[in-house]
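Reading through the structure tokens given below for one structure.
Chain naming follows the written order as A, B, C and D, and within any one chain the residues start at number 1.
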Amino acid sequence: MPILETKMSEKTEELLRIKNLTVMYNGITALRSISMTVDKGEVVSVLGPNGAGKTTLLRAISGLVKLEVGSSILFSGKEIVGYQPYKIACEGIAHVPEGRQVFPAMSVNENLEVATTRVSRGLRKGRIDSVYQLFSELAGRKNQQAGSLSGGEQQMLAIGRAIASGSELILIDEPSMGLAPIIVQRIFRTLKEIVKETRLTLLLVEQNAKLSLPLSDRIYVLSQGSIAMEGPVAEIHDNQMIQDMYFAKG
Amino acid sequence: MRRNLKRIVYGAFFALVLLLPLLSRNEYVLFVMNKALLNIIVVSGLVFLTGFAGQISLGQVGFVAIGAYTSALVTTRLGMPIPIGIVAAIALSAIVGLLVAIPSFKLKAFFLSLVTIAFGQIIYLLIVNLTAVTGGSQGLFNIPPMKLGGTPFTNTLYYYLFLVLIALVGVLMYRLKYSYIGRQMFAVNDDDVAAEACAINSKKTKVFAFALSAGLAGLSGALTAHMVGFLTPDPFTFFDSANFVAMAVVGGLRQLSGGIVGGLVLTWLPELLRLNISGFENYYLLVNSVIVMLVIVFLPSGLGASLFKGLSRLWREKQGAVTLRNSRSKEGE
Amino acid sequence: MKKALVMLMVVALFAGVLGFTPVRAAEGAIVQITIGSTKATINSKAVVLDQPPLIESGRTLVPFRFIGEAIGAQIGWNPAKKSVSYVLGNKNIVLTIGSVTAIVNGVKTTLDVAPKILPTGRTVVPIRFISESIGAKVDWNATTRMVTVTVAAAKPSWSTPIKIVLSAPFTGSGSILGTYCKGGAQLAVDEINAAGGVNGAKLDLITYDDQANASTAATVVRRALDSDKAVAIFGPNMSAAVLGVHALAQQAKVPMLVGATSPSLRYDTTHNDYLFRLRADDGVKVAQQVKYIVEILKAKKPGIILGSDDYCTSALAVAKQAFEKYGIKIVDIESMKEGDKDVTAQVTKLKNAGIDVLVGLTHEPEAAVVMLKVRQLKLAVPIVGFSAWGVPAFTDLAGDAAIGVISVQGFNPADTDPTVKKFVDAYKAKWGMEPSDPAQCYYDGVYLLKKAIETAGSTDPVKIDEALKTVEYTGVQGLMKCDALHNFTNICYISQFNGKTWKVISKIP
Amino acid sequence: MVLSDLLQNIIGGVTVGATYGLIGLGVVFLWQSIERINFANISSAMLAAYLFYTFYTQLHLGFLVAFVVSIAIIAAYGLALRHLVLEPINRHGGDKLEFVVATLMLCTFWLSVVKVLYGGIAKPFPPVFGEATSFVQIGSISIPSVYFWIFFVVLVLVLVLYVLLQRTMIGKMFRATAQNKEMASLVGINVGMTTSLAFMLSTSIVGIAGILLAPIYFVSLDLGGGPIGVKGFAAAVMGGLIDPLGTILGGLSIGLIENFSTLFISSAYKDVISFVVLVVVLVWKPRGIFNWTTKGD
């Protein structure tokens, strides 16, 4: 065993550790003592049916929902429960919420700019340019109002904003929702590229497991507010339930 | 024991209400009390409109003015009997209320409140400028008082008349609140779109709420005209509308009692603050506004709610079904 | 904390309501009893005694509780000392059963007959002694064997302060006026009190804010009449408010002295014996103004800039009539609202109408707005303003733009008349500012009231009212005497502003 | 009606309208950030005018000092407004309507305070923008010199606000918060800070407007309530409550409507007409007729 342990610490560093996370909405338990970890450089997917609490999980990490006593979220070893959302963002967790939330009355460039508050002044332009390299569609629309972009472009902008922020962990919620398949594929291609090149840490919520699994290292399956299953992609992928749920033809 | 206490408190309250004209032989007290009762009628309408149907009106005094001038003109210029004047007042205010409701289909909260402000101002300006009809800023005088067997009503008679009317309004409101239409209103208030999806015609309920509150305001205006005997445009300004909304909020928007508590407290407060201290004539409105602000900031659910909470704690009764329904929380907003 | 606040409010509310309930003081009563009969009357209402009155040593004895209640006294019974006490107003009587010594207001007095307990167990007391000690009159009719006790209604005593109420605007649109109304009235009250009051009694001025609002004024006047029991009311200062409330004063038979100037308040329309105006009405002033415009300025095409409230509109009504009398047509009337700050369009229209004199019927700040625009747009005609144009509240704001403006004034602080000068100096010393219309009118009003009370020899409002109709008083406004229309006519000035003061062109007594 | 008359009226309408626009800006900044309407918005104008009057005329502090100190106090007042009115109401479960009523009462409160401290008599404003009777003659048109100050300051203010909002990081953060509060906090913007900024910006702009307006309105209670406040709201509505430039244009159009309805219809009904126009605009284009911030959507 000691050999394994050494190996672990060499290979990975724990970035996010969630312990006993519980969320109640109006007396209904939305998440029940969730415990999970995300290592640095890892891509972790969260699967689960509608209403399983996937979005709530991401919102809980970002500090947008009230947590029950006893919940703990360690980010880089630091307890962030009770932080205001903007503080959590400044710690280095970027959140791409579902529904492509851009600032509609601001230009593409301004959308990226306001996300770079934790980047030092001199490096901001470089980070923004790197987003334009990843999403060349946006480069040509720098000064266009974000509200006038197409849905796919808005999603790219939302992801680009997270990348521009220089966060260590990016939470992405349903990036494929409501987009044409071809655009979804385009976005996931870029995500794959990012993961490969930058070894960014991703926590991904995605209904479409066909898209997310190839990207992921590990999976958590949420069901009715609890973790039903977890493990490396290779193991879970063969699980019958997952097969039925996400890969069945029909 | 507790139950007896409850009975005693309520009994004493109702006895006080019923016997007030006999306890106090002071005409001034009765007159202010009558004004408070008239305000209660307007504020009850506002509580219904705002608290139950979720529509804001910052021009309610416009309806009061329409009611007051209608009844005054019908009785003085046309020589009709007072009841006809009052019915005409209610009808006209309610009809104008229907019209003001139309913008509410499209507009939300602040935008609607601006429409109502504009409405109130337009009515005020028309009163001031249509001198031939309204007497302009000089006003209308010699409006006939109500009569009982040939002799004019005393303040005491007005007091009991208004009490009866308030009781009727209260019963009407109570029945509406727990009727189909009342539940629809809660639905509209909570969520327009969802209510629409449930096949509730939000337009109809909004129109109804506007017309009802306007009609009540008109009734109050008409009664004021006959009780006071004259009309000038000055009690019909924007600040008077704001004062009515303040009464509704201070009383509590979520209970029917809100109108009563708010109307009573905010009519009496400035009168009580008119202290006999030299120089205080400059300060009493300042103190009044501070007290109202404190109540709103620290008791946003209103004095009425807090009062009943305090009373029910007094006799420690389990909160029954009715109170539960009363205290609907404001999740929808 | 919350609960405490709520309870506090509720308690305050009810305490307030009940606080206004007056303790029943002696309200005047006539009590009649017949010897040997249990039937008696109080204010001609029949009551039944539990013990018929009896005569002992020529004195009538009645049950102690009955007589106390009948005359409205508070009754006390001390079983230990076997003493009975009566308190009414400032009178205090203590009798002891079986003793001929009584104590009236702390002074020992001897009775003819001692109070006693009858075999029936009833305590009886001598009616004449009790009644007379309390100040009532006792009559004995030997044939009907009837005793009549007459308790006079409590008059405002000369030793208590004489309450007068001022209703004036302190908040809202007319708040400028309230300051002057009170300034004038309070100055007079303080001067009178410092000089020993009215026949030794101090004046007590209670001031209420009526917000220049007729319906608030109605509440204030009721309060003055019912709660404060004022012997006279000053104000309201706004004509519409007076029209709304003067009937209340009439019903209560309390004189109301106002500075409001609308012609509609004249006696020939109100028929109110209790309403007096402390100066000439606008009919007089506007007539002077129009006379000046037509006869001196020889203007043929007057234009009017008009405010929207009742002061302005009622002045317009008079002006229209006055011009009509001269056969002159007003060529243009442009209106503005109180608070308006841009009158470019109005002044443009007046200019284009070719007017040869501009008549200003607005309040002070609007007058300043108009004059600045008149200078900007170079409307080069004489400007004749109504009384609100003849005050510093206008000239301070308008500055140089006001130079040359002619105004009809009810008061000119620059007048060299010694009475005026004395008033202006005293006002400046007390309030740190120059008095302005209508301060002088309420100042004179209080002195007028003092004279009326002295003439009447009473603080009974009805008698004061009678006296007001006859007294003459020379004050800041000149000789004041009630005319047939219940106006105290005053001096009026036509003056022109020279950049510093109003130079009097003519003084019309 | 000659051309110079028309021009004269356009200038009058535009000047008064610009002031409505400035007042409206105060409404816009608060709405943008917290979607609340401060009905005591106009009180800031009155308070600033009286503060300036106190510092300049009574304490002889000099123009610049008096101006800066007054506006600083007004900004601090904005901050206090947030922490003493908005936050407690939210904390105790109140909502938009409670804020509306509390600020309505605040309006009365400030009027009473000023009335008690300074009396009800309007005071002449010190001639810091030139004498009231000094006019600039251009051809047959004569313009009071203070009008140029108003144009100048409105122009500078709009420019400064434009640069602040469009070009600086803090301005962009402010706009981002206005458009999507939750998203703003997720990208690391301190929403609490931008809210405070909104309050301070809102009261300061109206405060500056107040000092600027005082030569026209005088140092008077008229600056603290009445028509100007309502017309400020109307200007904001024309800009859809979010577009600053649209608000200024909205104010200008209200000023012009007022002048032209007096000129061509009736002076008595000019306010009726402008209120009817307001209602028509609200019903016809509830998002504002001068609102270019969001297209489509």
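Keep in mind that, in the parts below, a contact is a pair of C-beta atoms (placed from the backbone, for glycine too) under 8 Å apart; a residue touches a chain by one contact, two chains touch by 3 or more.
Every value quoted in this text rests on a predicted model; they were computed, and no experiment measured them.
Participant: Hopping along touching chains only, can you work out the least number of steps from subunit C to subunit D?
Facilitator: Minimum step count, subunit C to subunit D: 1.
Participant: Can you identify the chain nearest the overall CA centroid, using each chain's own CA centroid?
Facilitator: Answer for the innermost chain: B.
Participant: Report the inter-chain centroid distance for subunit B and subunit C in whole angstrom, where each centroid is the mean of the CA atoms.
Facilitator: Each chain reduced to its C-alpha mean, subunit B and subunit C end up 33 Å apart.
Participant: Where the CA atoms of subunit A average out and where those of subunit D average out, how many Å apart are those spots?
Facilitator: Distance between chain centres: 43 Å.
Participant: Using mean CA coordinates as chain centres, what's the subunit A-subunit B distance in Å?
Facilitator: Once rounded, the distance between the two centres reads 53 Å.
Participant: So what's the Cα centroid distance for subunit A and subunit C, whole Å?
Facilitator: Result: the chain centres lie 79 Å from each other.
Participant: Note the residues in subunit A that touch 2 or more other chains, in rising order.
Facilitator: Residues of subunit A touching two or more partner chains: there are none.
Participant: Enumerate the residues of subunit C that touch no fewer than two other chains.
Facilitator: 170-171, 178, 308
Participant: Two or more other chains touching the same residue: where does that happen in subunit B?
Facilitator: Subunit B, residues with two or more chain partners: 129, 282, 285, 298-299.
Participant: How are the chains arranged in terms of who touches whom: line, ring, star, complete or other?
Facilitator: Shape of the chain contacts: other, as it matches none of the listed patterns.
Participant: Between which chains is there touch?
Facilitator: Result of the pairwise touch check is A-D, B-C, B-D, C-D.
Participant: For the complex, give me every residue of subunit D touching subunit C.
Facilitator: Per the touch definition, subunit D meets subunit C at residues 1, 5, 8-9, 11-13, 15-16, 111-112, 115, 119-124, 131-133, 135, 142-144, 216-218, 220-222, 226-228, 255, 258-260, 262-263, 267-268, 270-271.
Participant: Would you pull the subunit A residues touching subunit D in the complex into a rising list?
Facilitator: 62, 64, 84-86, 89-90, 94-95, 97, 101-106, 110-111, 113-115, 117-118, 145, 147-148, 161, 165
Participant: Mind listing the subunit D positions that touch subunit B in their complex?
Facilitator: Per the stated touch rule, the residues are 31, 37, 39, 84-85, 88-89, 92-98, 100-102, 104-106, 108-109, 112-113, 115-116, 225, 230, 233-234, 237, 241, 268-269, 271-272, 275-276, 278-279, 282-283, 286.
Participant: Mind pulling up the subunit B residues that touch subunit C in the complex?
Facilitator: 16, 20, 23-29, 31-33, 35, 128-129, 131, 136-139, 141, 224, 228-230, 232, 234-235, 264-265, 268-269, 271-272, 274, 276, 278, 281-282, 284-285, 294-295, 298-299, 303, 306-307, 309-310, 313
Participant: What part of subunit B is in contact with subunit D in the complex they form?
Facilitator: Residues in contact with subunit D: 50, 56, 58, 102-103, 106-107, 109-111, 113-115, 117-119, 121-122, 125-126, 129, 238-239, 242, 245-246, 249-250, 253, 282-283, 285-286, 288-290, 292-293, 296-301, 330, 333.
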